[in-house]
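Labels A, B and C are assigned to the chains in the order they are written; within every chain, residues are numbered from 1.
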Amino acid sequence: MSQFEATLDRMPVPTWRWLHVNDAGVFLQGTDGEASGADIRTSGRVIIREDFSGLKPSEDAAAFFLPAGMGAFIAENANRRHFIRIPRGYSEPEPILLTLRLDDENPVLVDDIVIEAEEGASVTVILKYTSESGTPARHCGRTRVIVRPNAAVKLVKVQMLDGEAAHTDTIGGFVEAGARLNVILAELGAARPLSSCNLILAGEGAAAGLDVIYLGDGKRALDLSYRVEHRGRKTVSGIRAKGILMEQSRKVFRDTLDFKSGASGSKGREEESVLLLSPKVQNVSVPLLLCGEDDVEGEHAASSGRPDEKVLFYLMSRGIGELEAKKLLAEAAVSSIVEQIPDASVRDELLAAVERSIEKGGQTA
Amino acid sequence: MSAGGRRILNGVNLAIRPGEVHVLMGPNGAGKSTLANAVMGDPRYTVDEGRIFFEDEDITGEKTDARARRGMFLSFQAPEEIAGISVENFLRAAKAAYTGQEVKLLPFRKELRAKMDELEMDPSYAARYLNVGFSGGEKKKNEILQMAVLNPKLAILDETDSGLDIDAVKTISESLDRYKNGANAMLIITHITRILQKLPVDYVHIMAEGRIVKTSDASLIETVSRDGFAAVL
Amino acid sequence: MEKQKTKIDDIDRARFDFRDADQSGYKTGKGLTAGIVTEISKMKNEPAWMLEHRLRSLEVYDRTPMPAWGPPLDELSMDEIVTYVRPDTGLKSDWNEVPAYIKSTFERLGIPKAERESLAGVGAQYDSEVVYHNIRQELLNQGVIYTDMETAVREHEDTVRELFMKLVPPEDHKFVALHGAVWSGGSFVYVPEGVRLEIPLQSYFRLNAPGAGQFEHTLIVVEKGARVHFIEGCSAPKYNVLNLHAGCVELYVREGATLRYSTIENWSKNMMNLNTKRALVEKNGTIEWISGTFGSHTTMLYPSSILKGEGARSTFTGITFAGRGQHLDTGARVVHLAPNTSSTISSRSISKDGGIAVYRSAVSISPDAAGAKSSAVCESLMLDGESRSDTIPVMDIRTDQADIGHEARIGRISDDAVFYLMTRGLSEEEAKAMIVRGFVEPVAKELPLEYAVEMNRLISLEMEGTIG
């Protein structure tokens, strides 16, 4: 079984070492066989193949977060490969749903997925990852999206692996002129999720949205790094993250807006808010704003705190118990993002997972 | 006159002489504000054909500040907020630029205070940052204050009366009356006309779709107030 | 990366040389040796514990690598530094050698002639003895101690020994270690309990010691309930032939005391300014940092506040102006260690003509800091498309009972705002300069008037691009 071990650079620009945000270690194991437990629900003229000739390096946005060896490792060891292409001008009406289940028979999944929307096409792809409790599940994934001019892609990735699972995931998006890419990410499980996303707004008028929900319970340590690069003129982006931390979980969340010289007329916004439901959590935020172009508008805001006492009091004065009130507040926090997932069953599953988590971990000390 | 490749003004001929008060009216989107801004040299607009003359000199190619220093003033519809500079410091600097001479602090402060009193403005506004946090009405008053201090030869007022309560309109109207004399001139863009109560109006122009479609005397105001623009277009 | 490696190797060799023969390092003058450090200590007549401290710092310096982040420090030649550190080498240069732009800036800023020479490190030390003398009497009456650092080491040994480089130990980073070995000059201020000084103390009141401006050490203790405003530097460019400034500032703010520490730095454009400033704040004490960073080729400056006592407070108001050829990496650090502590950071930066301005911060909230509040607002103004402005903030929060917020904005001067000002007769340049001055106003208004005026003049000069 092949392995890959490395220290990954997690910051586009490093800072003081003692803050421990600059890098993270990763350890990957290859697979022995087929990954089972995958359902693919699709209809229409979307082409789904299991092989592809590879991406042009210039269009491989995921490479930003992957050291060279790791990309090759994934390519060689993938036991689930999908190339999803949406033909020119075609609009796939129903979301394509891939459900990937890890279980005792096939506990290791390395998935390498490429989604290409040709000119003027549009599609929604939902990737859902689950594992059984007790399974020594290991997941390493890479999803790369290419959105050709005036096309639109919505990518939803929901990770609901068991709390002991290993999970490393990287998303890359390359958006051409007039095109749009929306990524919705939910990181709810795994022991030490290492999640990254790099979106390049390459063409004029390209737009991207990245909405992230993350959940910390037990002793989970989340290491998240998300980036949008504005290259083309008049590009627009919005990163929004909502987190809930409980028990002794910890997280490092980095979001980067990088305006390259020449991206004039562009606008970018990043916003993170974290709900803290217990006193022992560790909450680290690094909202980076990098700018080489004067004619842009960039802003970010980060905030965190306990549930507002006045709000809690109000809810409880209407007969709602404290735990119940916290559940409501947590749901309210993530609902604006969950709403955007165009599949009722996935939404329900997600909310149920959040609720279960809070029941388990949302007690105050 | 066009901006961003789109033609906005299409045939405007306007002559204003010293001592005159011109009123410019018209439906929304007619191009009134565009005209005012363009006359001041807003870099967003390019003149495709025609010229602008000020006191017999061709200023079509001149930059905004040069035009201002000649004695042209524009009271904006939505004045910019400039943080960190007080109203007083700004006006002193502007007056120095206008007159080309140093403006001494204490005499200027007295003058400013007197003009603020005339406009019934709270003296504390002198120390506040330029337009920052001012209500719409306060911003308009501040524009007129600037006009009173700089005393331009041509005052262009872009919808100065919109957003003002009756008292404020009266105060400003009185201020305009004080300003007016035989040597200066005004071009007033307005919807409402209450601001004109005390002013003797010489010409009224109606503008629609980027051109002036009708010019007449003060009686035109009453016609339009009664029957709407349709009556005259 | 290679260049830096070479320099470290050189210094290692020098140490090896020293072990072989005492004199060799001293003779060649290359590399920083224990011999040179010992010489410095002897010339200053220091007690043994200070010499020990210097030698220990030298060891730390030798084994510490260069920082792995931040602006490139390739222009720093550690070999040359040694030549200027030696106390028998005059640091002063010839007035004729002072670059023309420095001289003309003095003129534009209206700096008096006597001051100019001192600021340029030339000839007679600026003797503001008369002004200083009057203030000095007033201070003595209140029991305030304000002397240069060398005198303090001798005359207030106990206090100094207890505190010197305890807040900023040599282990912190390579340039603090260097500072620990070769420090020279600086101020010692001690304000007794309950004394509230109305007039600000200004660092260039004192007579300049040789080496001042390179590695000066400032140590301030403000006792319980006392209050003082200390101003360091001025907006006139400080010219030094030696291009490294590695100063250190340690501030002790005791219970209920308030210290305002203002700095306007305008180092000449050849300087590498690697400065370390830190404050330790006790219960209900307050530290206020006011910081204007204008000159230098490269700056790394992050005033830090350690909020140790309950209710301790830190405020930081800073402005950084990075022009052509400048790489200014500045920011702030705050550590909340106790309940109900609060901090605010307000940082503004301007970049122009290819200048690089970086805001770098770290706000840490420990599990014991229940009720902590921290808010940071960062605004960057970019004046053209060649410059850079980067914001790298980190918030590390280890309690759920804290309110932490951070906002940052990047933008340019609005065309509409420029047009508006031009319609009032200001030229385009004047309009932009006015907007920029408005942008830095929050810092200007915290400074005594003459500093604010100087700072505004400096900005006008920077905007014209006539400096450097």
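Going forward, a contact is a pair of C-beta atoms (placed from the backbone, for glycine too) under 8 Å apart; a residue touches a chain by one contact, two chains touch by 3 or more.
In this text, all values refer to a predicted model and were calculated from it rather than measured experimentally.
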Identify the chain whose mean C-alpha position lies nearest to the mean of all protein C-alpha atoms shown.
C
Which chain has its C-alpha centroid farthest away from the centroid of chain B?
A
For chain B versus chain C, what separation do you get between their C-alpha means, in angstrom?
49
Report the inter-chain centroid distance for chain A and chain C in whole angstrom, where each centroid is the mean of the CA atoms.
41
Could you work out how far the Cα centre of chain A sits from that of chain B, in whole Å?
53
Note: in the complex, chain B contacts chain C through residues 40-44, 63-65, 67-69, 72-74, 76, 79-80, 82-85, 90, 93-94, 97-98, 129-130, 146, 150
Okay, in this complex, where on chain C does chain B touch?
414-417, 419-428, 430-431, 434-435, 437-442
Once bound in the complex, which stretches of chain C touch chain A?
68-69, 360, 362, 367, 380, 382-412
Chain C partner, complex, touching residues on chain A are 11, 13-17, 19, 21-22, 245, 259, 261-262, 264, 276-306
